[in-house]
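Please go over the structures that come below.
Common to both upcoming complexes is chain A, partnered first by chain B, then by chain C.
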Partner chain A sequence: MDSITTQVFQQIINGLSLGSIYALIALGYTMVYGIIKLINFAHGDVMMVGAYAGWFAITALHLPFLPALLFSMIFCALLGVIIERIAYKPLRNATRIAALITAIGVSLFLEYGGMLIVTAQVRTYPPVFPATQYIVGGVYFKYGDIVMLVTAVVLMALLHFTVQYTKVGKAMRAVSFDKEAALLMGINTNNIISFTFAIGSALAAAAGVLMGVYFNTINPLMGIIPGLKAFVAAVLGGIGIIPGAMVGGLMLGLVEAIVSGLGASTWRDAVAFLILILVLIIKPSGLFGKNVREKV
Partner chain B sequence: MLVLEDVNVYYGAIHALKGISFEVNQGEIVTLIGSNGAGKSTSLKTISGLLRPKTGKITFKGENLAIVAPQTIVSKGISQVPEGRRVFANMTVIENLELGAYLRKDKTEISKALQHVYELFPRLLERNKQISGTLSGGEQQMLAMGRALMSRPELLLLDEPSMGLAPILVKQIFSIIKEINASGTTVLLVEQNAHMALSIANRAYVLETGKIVLSGDAKELAASEEIRKAYLGG
Partner chain C sequence: MRNWFNRKNSITLLGIVLLYAVVQGLIVLDIMPPFYMLTLILICIYIILSTSLNLINGIAGQFSVGHAGFMAVGAYVSAMITVLLKGPLILGLLAGATGAALAGLIVGLPTLRLKGDYLAIATLGFGEIVRIVFLNMDFVGGAAGLTLPKQITWSWAFPLMVLSVILIKNFVGSTHGRACISIRENEIAAESMGVNTTKYKVMAFTMGAFFAGLAGGIYANYMYIIQPGTFSFLKSFDILVMVVLGGLGSISGAIVGAIVYTFISALLTGIPEWRLVITAVFLIVMMMFRPTGIMGTKEFSLSFLGKKGDKNAASKN
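Right after this comes the complex of A and B.
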């Protein structure tokens, strides 16, 4: 293959790796929005906590990658449920702006509370994967990239299965569509909302661990930019729509990789937010968004 | 079976139910009729636990309902078909029906309930895999009723099942309500279509601005001058 094609493929691989992280975070945004119509701006910070929990599991508990990932996911699932119960549940019937402001408050609390606990110092993720590289047709696949992609795809497949085919998944869709009708079915909507926060936060934690592995360093403010970008990804796919978040995340990752590949890596973030502006102007409901059908 | 005693319900400052009392006995079809805003839907929402009475008592088979969660009320055997059907339009027909049986664990009992629903509404079996938002209004009403029956309720609350349906469909729906009642389910029916409601009910209560102003045997009410003038178009 000539060097340009190789370059393009290389950027596609990089883009998919980064995009799968965005997708995992975007899923949490979109699920929470789907069920209580709240943009949970603390979501990126939950990812940060996940990165630290994974780092703690690897360095202090000496766990290998998968158990550390699981540890971090469970830790953040609990954190997500606690945040929902303490910060958002009392505001269930308040205005949406009140809940939004609270979410920003929770975000700042996690960022600076985190700084108090782990200090602002940057921590280094230990290398959990061998530095093996595979070369196929001139394109480099790092061992870590492959594990990341596989992890993300497996988690997304699990989520899809849960939402589509399990009882709790059907209850989630029912609550998201019509809370009062769901209550009439005997669904405990509070439990379903907590469950949604648990799943979304666990996915963010996985993204945090992968992020730590991918970029090697973590700090208490690391959740801000990826959190915002995952929000862009969720809006791009259509907020509230689960497949939309997956596709939106992957697309955003690809676009960023291509912009970087063209030598304009300083423009990466600008391009991400340009996409947000374009989506909001051209199709605010997102790629997968439908016009809501009026029910008579 | 179901007894409401001096129930008062408020929406914020609005006094929606002003001390209403009525009862539904096992095996009956009882209807609440009245015009828009009389408090018919509010009564049903209060029985289902979506709204809480400020004062008053609601008992079902001797148990106080005013303090239990909506999901517990469903598990005690009260199921509601809400106004405007409220089917989960983003989900298939079968998924909607499965959600109706959300609190039930026994698989064979669930499939029996499903068989029963398909017998009452063969159309739902034909449309099994269809997204319910694409069903016609009549089919959605059937689905909402079938979904409510999946919990095998002893008492079925129906809120305006005739709303927005063609007269021929209204007739069909009402004959199915009679069938459901004949198979042992007690029915509390809220209707604006007083004529149809009185034709199938045993007893009726007339609501006006949050108060019960008349009650009695459905046939007698249908014949009374007062009702004919106010609700049956002369």
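Right after this comes the complex of A and C.
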């Protein structure tokens, strides 16, 4: 195959791997926003905690990949619920800006509180996958890439199933549609909101473990930039819309891979934000969003 | 003609001059520890930043989190003038502020039609783009940053701060300021009353950007070095926190917020590993128990002095 096509396919593979991580984080953002209209800036840091939990499970508890992933997801689900109960619940009826400042506070707390516990030292993720590479028509597939994509797709499918076909999912959709009406219908909205945080945080933890595996190193501030990017992805797809977050994440990953592939890797974050601004100006509700007409 | 030197204004002026003189005296006598000096100048810079962000967020009600971006534009433009072109400081500061205002105009025109969270995200994105642009400009040092001489002294920072606050305060009290407040309260109602909402939103945004650029210029010419990393969105958050801490929509609140926040940061420099943890807990607790900030939307005023004056005048009669 001719080398440019190979290059393009290679970047698409890289972009999809990275994009699936963004998509997993973006799902948490979008679900939380959809249900309580809060930009949960601490979400990227929950991902960081997930990466550390996975690292701990693999190095100290000597668990293989899947149990370590599960361990990290459960740990972060609990963390997410605790954060929601302590920090966000008292502010349910406060102004948006107060909730946002709290989210920033929680984010700083996780970053620097985490730094106190695990120190600022960069940790290396142990190699959990064999370094096997498959070559199909000149394009390299790393074993890790495939596992990442599969994990992400399986988790998203599970999420889709939960939201669309279970009772809890139905309740989540109801709460995000109209919180008060849902309450009147006998839905325990507080529990549903906690459940949303638990799922979102578990997905972020999975993303954290995958990120650790993908980039090999983790540190307490690793969550900031991917968190912001994932947020961009969520807005790109239409914030509050679950399939939008998946597509947004994958698109963002692809764009970054292509920009890096063109040799402008220092500009890739700028391109991501530029796309964000353009999308917001042209179609503020995101690619999948519906325009809501404002009534006076 | 209005009496500019009524009792209230004279006392405020006297207070400002006294404050300046005391600090300047301590500097001249060389008994001001350098760390205190740094903190005082930083407080001046942050007061300009927080009052100007307050103009956008609190007065006009447009949720912007890209203030560090404007600060970066001001810092880099003024650094280019003072270092690369060897221009005078005042020209650098003015050019920086004007550059930032221009950036504000360019960004504000398309993005200010967005509302609430969407505007916040767009401005956040803008701030990050600015940072990355400077990161990729090799003639201003890239990631390593640009070193520049320290030209800012207390005699520069303090009067500039006072001037900025007075200008912003007078803007808020003017017809234009009232129009901005009406947009904050209810945009649709304001529009139906004949307020040109786009014009006033862009005006407040550009003005906020201008002062952020000024603060950036002061920062650059005081700190010896500027790096793109300094102007990340975390800096925007810092400024936003000051504004909310002091009370969104209150000019004196923004000043109090900037002083308190900078002061707390300075107090905690002895324990760097705990500094941000304590700040974080402080923020969370603050939002739980007093989400309106220290001042709420109230203004600290010396009107009681004016009243006293009136009473005296009345008793004389």
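Here is the rule we use: the second predicted complex is superposed on the first by the 292 of 296 C-alpha atoms of A that agree within 3 Å, B and C clash if a C-alpha of one lies under 4 Å from a C-alpha of the other, contacts with A are read in each partner's own complex, and residues count from 1 in each chain.
Quick note on the criterion: contacts are C-beta pairs under 8 Å (C-beta built on N, C-alpha and C of every residue); 3 or more make two chains touch, one makes a residue touch a chain.
Bear in mind the structure is a predicted one, so any value in this text is a computation, not a measurement.
Undergrad: One more residue to check, A:Y52. First (chain B), second (chain C), both or neither?
TA: Touch partners of A:Y52: none, neither chain B nor chain C.
Undergrad: Compare chain B and chain C by how many residues of chain A each one touches, and report the one with more.
TA: The larger set of chain A residues in touch belongs to C.
Undergrad: Is A:G105 contacted by the first partner chain B, the second partner chain C, both or neither?
TA: Only chain C is touched by A:G105; chain B is not.
Undergrad: Of the partners chain B and chain C, which touch A:F75 in the superposed model: first, second, both, neither?
TA: A:F75: touches no partner chain.
Undergrad: In the overlay, answer first, second, both or neither for which of chain B and chain C A:Y22 touches.
TA: After superposition on chain A, A:Y22 lies in contact with neither partner.
Undergrad: One more residue to check, A:A87. First (chain B), second (chain C), both or neither?
TA: second
Undergrad: Would you check which partner chain A:R96 touches, where first means chain B only, second means chain C only, and both and neither mean what they say?
TA: Only chain C; A:R96 stays clear of chain B.
Undergrad: What is the contact status of A:N188 with respect to chain B (first) and chain C (second): first, second, both, or neither?
TA: A:N188 sits against chain B, while chain C stays out of touch.
Undergrad: Taking the stated contact definition, name every residue in chain A that is touched by chain B in one complex and by chain C in the other, in rising order.
TA: Shared contact residues on chain A (touching chain B in one complex, chain C in the other): 296.
Undergrad: In the complex, go through chain A and note every residue touching chain B.
TA: It is residues 167, 170-171, 173-174, 177-178, 180-188, 293, 295-296 of chain A that touch chain B.
Undergrad: Any idea which chain B residues touch chain A in the complex?
TA: On the chain B side, the touching residues are 48-50, 69-71, 74-75, 79-80, 82, 84-91, 95, 98-100, 102-103, 133, 137, 147-148, 151, 164.
Undergrad: Which chain C residues qualify as touching chain A in the complex?
TA: Residue list for chain C touching chain A: 57, 63, 110-111, 113-114, 116-118, 120-122, 124-126, 128-129, 132-133, 135-136, 188, 233-234, 237, 240-241, 244, 248, 273-277, 279-284, 286-288, 291.
Undergrad: Where on chain A does chain C make contact in their complex?
TA: My answer: residues 37, 39, 87, 90-91, 94-102, 104-109, 111-113, 115-116, 224, 228, 231-232, 235, 239, 266-267, 269-270, 273-274, 276-277, 280-281, 284, 294, 296.
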